[in-house]
Each structure stands twice: as C-alpha cells, then as structure tokens.
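Shared chain: chain A. Partners: chain B in the first complex, chain C in the second.
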Partner chain A sequence: MPKRRFLGCSFPVLLGVLLVILVLFLVSLLSGALGSSLFGDLGLPSWLSVPQPHPELPAGVVFHLLGFPITNSTIAAWLSIIVLVGISYAVTRRLKLIPNRVQSMLEAALGWLLNFCQEVAGEENGRRFFPVVTTIFLFVITNAWLSLIPGFGSILITNAEGETVELFRGANTDINLPLALALISFIFVEYWGIKSVGLFRYIRKFINMGRFFGAIGQIFSGKIKAGFAGLFNGAVDIFVGALEALSELVRIVSFTFRLFGNMTGGEILLLMMLFLVPFVLAIPFYGLELLVGFVQALIFGGLTLVFATIAVAPHAVEAD
Partner chain B sequence: MDPEMMKLLAAGLCMGLGAIGPGIGIGILGLGAMNALGRNPEARGPIMTNMILAIAFAEAVAIYALVIAVVLIFVA
Partner chain C sequence: MSRWVAALRLIGVGFFVGGSILLGVVAGLWLDNKLNSAPIWVIVGLFLGLVIAFYGVYRMLLPLMDNKRDKENS
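Moving on to the complex of A and B:
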C-alpha cells in the first residue's frame, strides 16, 4: 500500500510545516503592534519589532537632473520600462516558428489581450486600438507588480538634502503617473474619434446647435408650433452636448483617482498590516494586491477601449 | 475639540459613509450578473466582462472617498 500523503507531503513533514507556521504566527502576533498592546512589553529582541510606518503621499526626491527633481517613483517607472523593454527584446531576438516556452507565454498573453480588444471593439477597430491599450495595460501591471517584490521599498538612500529616502516606490502611487496615463488615454480617444468620424461631425456631438437655430428659422418662417417644439428640443440638445463634453473631461480625473487611489490604498494597507502582525497578516493582503494590480490595469486599458469604441461609433441614434 | 481629533474623526466618517453607496451598488451589480448568468449560462464571457467594468466604475466612487480620507490624515 503506498504511503498516505496529505497535501503532497507525508504526515511528519506536514506536522513540521504546521508547527513552523504556528510558531511564526505566535511570534509575529506577540512582536507586532497588536501583541504589544494586548500583552504589554515582553522584551522581545529589537529586530523583531516593526516601527510605526509613516506613509507619505508626495514621493521623496532622490536627486535632481537638469533642474527636474527625480523622485523614487520616477526611478521605479524607469525600472519597469527597463524590465518591459528587456523582456521584449530578449524574446524577439530569435523568433522561431515553433515557439519555445518563454515566447509562447508572451504570445499567449498578447493573444489574450488582442482577443479582449477585438471582443470589445470589433475586428478592425480592435486591431487599431490594440497597441495603446496593451501598452497602458502592461505598463500599469508591471508598475503594480514590481512594487510587490519583497525588498522593493526597503533600499534606502540619502539624497542631497541629507534625508533618508527609499530608492524605489511603486510608480502608480505617485499621482503624476496616473494623471499622465489618463491624459494620454484622453488624447488618443479624441484622436481616434476625430480620425474616424471627421472633425466637424465629432465636434457636433458636443456643440449641437443645429436644431435650436433651425427652430428659430422655423418660427420666423411661420411654423410656430413646430418651431417652439424644435426650440425646446434644441435647448435640450445643447445641454446634453455640454454635459457630454464635461463628462469627457471628468473622465481624466476619474481615471487618475481610480488608479492612484487603488494603488496608494493598497500600499498603505500593506504597511499597516505589516505593522500590526508582522510576518503573517500581510500574506492574504499580498494576494489581494496582486489581484487589484491586475484588475486596475485591465480596467484602465478596458475603459480606454470602451470610450474609444463609443467615440468611433458611426452615428449616434437620434432619440426621436 | 482640537483640530487633530476633528481631522481623524472626519477621515473615519468620510471613508465609512463613502463606502455605503458603492457597497450597495456593487451588490446590485452582482445580483444582476448572477440573474443573467442563471438565465443564460452560455453568455458567461460578455456578462463577466461587463460586470467587472461596471464594478470598476462603482468602486471608483469609494476610492474617491478613500483618497479624501488619506489626504485628511496624512497631508492636512
């Protein structure tokens, strides 16, 4: 009869693993903030205690380059650019018709993204929007996941003013990067819309004075009743057009704060969990942060795609 | 009531009250998605995609409240 196995290990090994986990849990409970407030000072060695974190919203400046302050989130963004470009270059140097493992993994990822774009936007529009949407997705997800690597925020450096500042910080937690991505997404959506429908028809979606002035013409030429109805509808058209223009601009703010809020909230959550029960409590929240990074990248790219699809739609249905 | 206490209280109230609406909204979205999935299990792909999209919109409002709360605690 084969040896009974629990979760892949034999019984003594499983017992050992559970014992290690239990000891780790107890040690972290006692040494963290929860333990010290419940049980008082137990005299544990000082390297077990975690100091209270002070998350700062503005990113710390590391050095100045040509008059611009280079913050630690800028350096993290450069790192993710290097990672993405490095992976792409290394894999596409020798493309084979029958791909090896790394190439087929990247092909699967890109194929899934292309499928997603084409599902939402249709065949040829999906292929047209694919580069920008995929770039946004890959950039956001690389920024988010790189900041979860252990030791990412722990490398400290003293800058020119003498303060100790972390060398890397998650690039999405600096509000400038989500703002830049939101502006890029906005510019591209407007560009695609204007290119597909033509400049005047696109502007007419927002400044829709046709029916209003046509109705004034109708009143002057004698058709009073139809004229006044057209006047009212025309005023509603103008109002709706202005509201659409406003909502296009508010989209920038909404994109920015969605990405920034999720990432900064996640970072503060992880810091607090690591402070409360040092080794153990952060594990489920790490899983949450992985999921949130992926979902937020998908949302940013996906919403850009959806708004672009709406912008290039041939003709809005007249609501009559 | 000193300003420090008021700031902390305001941050707590902001996040707490600001999460009621989006919580209910996401629950309603989930209800709609489950109903649609029950009626038509074959349409799982589009239903899930659109549900995730709509949930991101609803959650963004809660994130606005979180940002204000964080600003109240750490910056103001």
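Moving on to the complex of A and C:
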C-alpha cells in the first residue's frame, strides 16, 4: 500500500516543514518591531531585528562620470539592459527549428505580446507598434523584477563625498526613469500620428480655427446671424483643441506618476513589512510585487499602444 | 473593440484625473511664484486641471458608452 502523501511530502516531512515555518514565524514576530511593541523587549539577540528603514525619494549618487552624476538607479537600469541584451544574445545566437526550453519560453512571451499588439491596434499597425511597446514592457518588467532579487538593495558602498549609498536601487523607483519612458512613449505616439494622418491634419486636432475664421468671413460678408452662431461654434472648437493638446501633455504626467508611485510604494511596503515582522511577513508581499511589476509593465506598454492606435486613426473614425 | 482596449482605457482613467489636476496646480504654483500673484494662478490652474480631467475622462469613456448603447438598441 503506498504511503499517504500531503502536498507531495510524506506526513512527517510535512509536519517538520510546518514546524520550522511556525517557529520562524514566532521568532520573527517576537523579534520584529510589532512584537517588541506588543510584548516589550524580550532580550532577543539584536541581529534578529531589522532597523527601521528610512526610504529616500532621490536616488543616491554613486560616482561622477565627466561631471555627470551616476546614480544607483542608473546603474540598476544598465544592469537591466545587460540582462535583456544578454538573454537575447544567448538565445538568438543559436536559433533552432525545434526550440529548447529557454528559446520556446521567449518565443511564447514575444508571441503573446505580438498577439496583444495586433489585437489592440489591428494587423498592420500592431506589427508597427510592436517593437517600441515590447521594449517598454520588457524594460519595465526587468527593472521591477530585478529589484526584487534578495540582496539587490543591500550592497552598500561609500561614494566620493563620503556618504554610504546602495550600489543598486530599483530603476523604476527613481522618477527620472518613468519620466524618460513617458517622454519616449509620447514622442513615438506623436510621430506615428503625424506619419499616418499627415502633419497638418494631425495638428488640426489641436488647433482647429477653421470654423472660427469662416464665421468672421461670414460676418463681413453680411450674414450676421449665421456668423455669430459660427463664431460661438468656432470658439468651442478652439477650446476643445486646447483641451486635447493639454490632455496629451497630462498623459506624460500620469504615465510618470503611475509607474513611479506603484514601484516606490511597493518598495517601501516591503521594507516596512520586513521591519514590522522580519523574515516571514514580507513573502506574500513579494508575490504581490511580482504581480504589480507585471501589471505596471503591461499598463505602460498597453497604454502606449492604445494612445498610438488613437493617434493613427483618422479623425472621422475616432469621432464615431 | 477588444476587451484589452476597454480594460486599458479604464486603467488609464484614474491616474489621468490625478495627473491633470497635479499638472494644473503645479503650473499655477510656478506662475504664482514667478509673478508674485498668489493665489490667482493656482486657482486658475486647479480649475483648468479639473476641466481637462473631466473632458479627458469623458473622451476616454465615450467609446465604451457607445458600445453599451449599441447593445441596448440591438
């Protein structure tokens, strides 16, 4: 008769694992900030507790390159680039007709992204937007997931000014990187829009004075009543155009703060959980942060895709 | 319209509202500092930000509302 198995382990092994987790949980609860405020100081060794974190929003400067400050988030972004380029190089160097495990995983991911682009933007435009959208997606998700590797933020070095700073810091948690990505997305969306519908037709979306000047012409040619009605409509057109232009700029701000806020919030959440109950309580939040990293990358890429789709659509179609 | 577009549009709405109000207020504060005219431009910026927020949300949700109406009619 086969032994009964629970979660793939025999019963004594499972009991042992659960016991270890329980002990770890109790020890971490007692040694953390939460436990010491509930039960008072129990005289546990100090290495069990985690010091209170002091998150700082500006990234620390590690060194200067030609007078240009290189921050720890910049180095982390370089690391992401190295990882992405390294994986691509290693996989595409020997492409096989029957892919091995890594190649098929990458093919599945890229295939899914291409499918996503084509579903949103249509067959032809999807292929056109795919490189930029996918680059943004992969870069954001690599930044987010690299910063979750344990030990990523704990390498401390002393810079030239004598301050102690971390060598790496999640690149998405420095507001300059989301801003740069938002500007890239903005520039590409405008470029695609201009290229598809033509410069003057594209600008007419924002500066629409046709009806206004038409109405002035009507007033001078004697049609006073129609002219004034047209003048009002023309003023509405101009106002709506200005709103369109401003909402185009607001997208940059909302892109920036969405990514920056979510990533920084996640980082601080993890630090605080480690401070309150070390070792154990941060684990579920690690899972949450993995999901948040994926979702934010998808949103950044996907919204770029949606805005690009709107920008390349002819105006008449969009108004329907 | 695919479900993806609808979902992404809805996700974009929240931060768009925050972003437009923030942009208006920050621009207003900057102008007030420059021209020494507090609090006129902050109020103007806040109002403009709110208008952009409402207009932008309306524009983002318009296709979704049309979708619903089409389904109700048919």
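Heads up, the rule we're going with is that the second predicted complex is superposed on the first by the 315 of 320 C-alpha atoms of A that agree within 3 Å, B and C clash if a C-alpha of one lies under 4 Å from a C-alpha of the other, contacts with A are read in each partner's own complex, and residues count from 1 in each chain.
By our rule, a residue touches a chain if its C-beta (ideal position, glycine included) is under 8 Å from a C-beta of that chain, and two chains touch if they have at least 3 such contacts.
Values in this document were obtained by computation on a predicted structure and should not be read as measured data.
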item: Partner chain(s) touched by A:F260 [first = chain B, second = chain C, both, neither]; value: first
item: First (chain B), second (chain C), both or neither touched by A:L303; value: both
item: Partner chain(s) touched by A:V236 [first = chain B, second = chain C, both, neither]; value: neither
item: Which superposed partner A:E119 touches (first chain B, second chain C, both, neither); value: both
item: Partner chain(s) touched by A:I268 [first = chain B, second = chain C, both, neither]; value: first
item: Chain B versus chain C as contact partner of A:L246, first or second or both or neither; value: second
item: Which of chain B and chain C A:V61 touches, first, second, both or neither; value: neither
item: Chain A positions touched by chain B in one structure and by chain C in the second; value: 119-120, 254, 257-258, 299, 302-303, 306
item: Of chain B, residues touching chain A in the complex; value: 45-46, 49, 52-53, 56, 59-60, 63-64, 66-67, 70-71, 74-75
item: Of chain A, residues touching chain C in the complex; value: 116, 119-120, 240, 243, 246-247, 249-251, 253-255, 257-258, 299, 302-303, 305-306, 309, 320
item: Chain A contact footprint on chain C (complex, rising order); value: 2, 4-5, 8-9, 11-12, 15-16, 18-20, 22-23, 48, 51-52, 55-56, 59, 66
item: Complex contact set, residues of chain A against chain B; value: 55-57, 119-120, 254, 257-258, 260-262, 264-265, 268, 295-296, 298-299, 302-303, 306
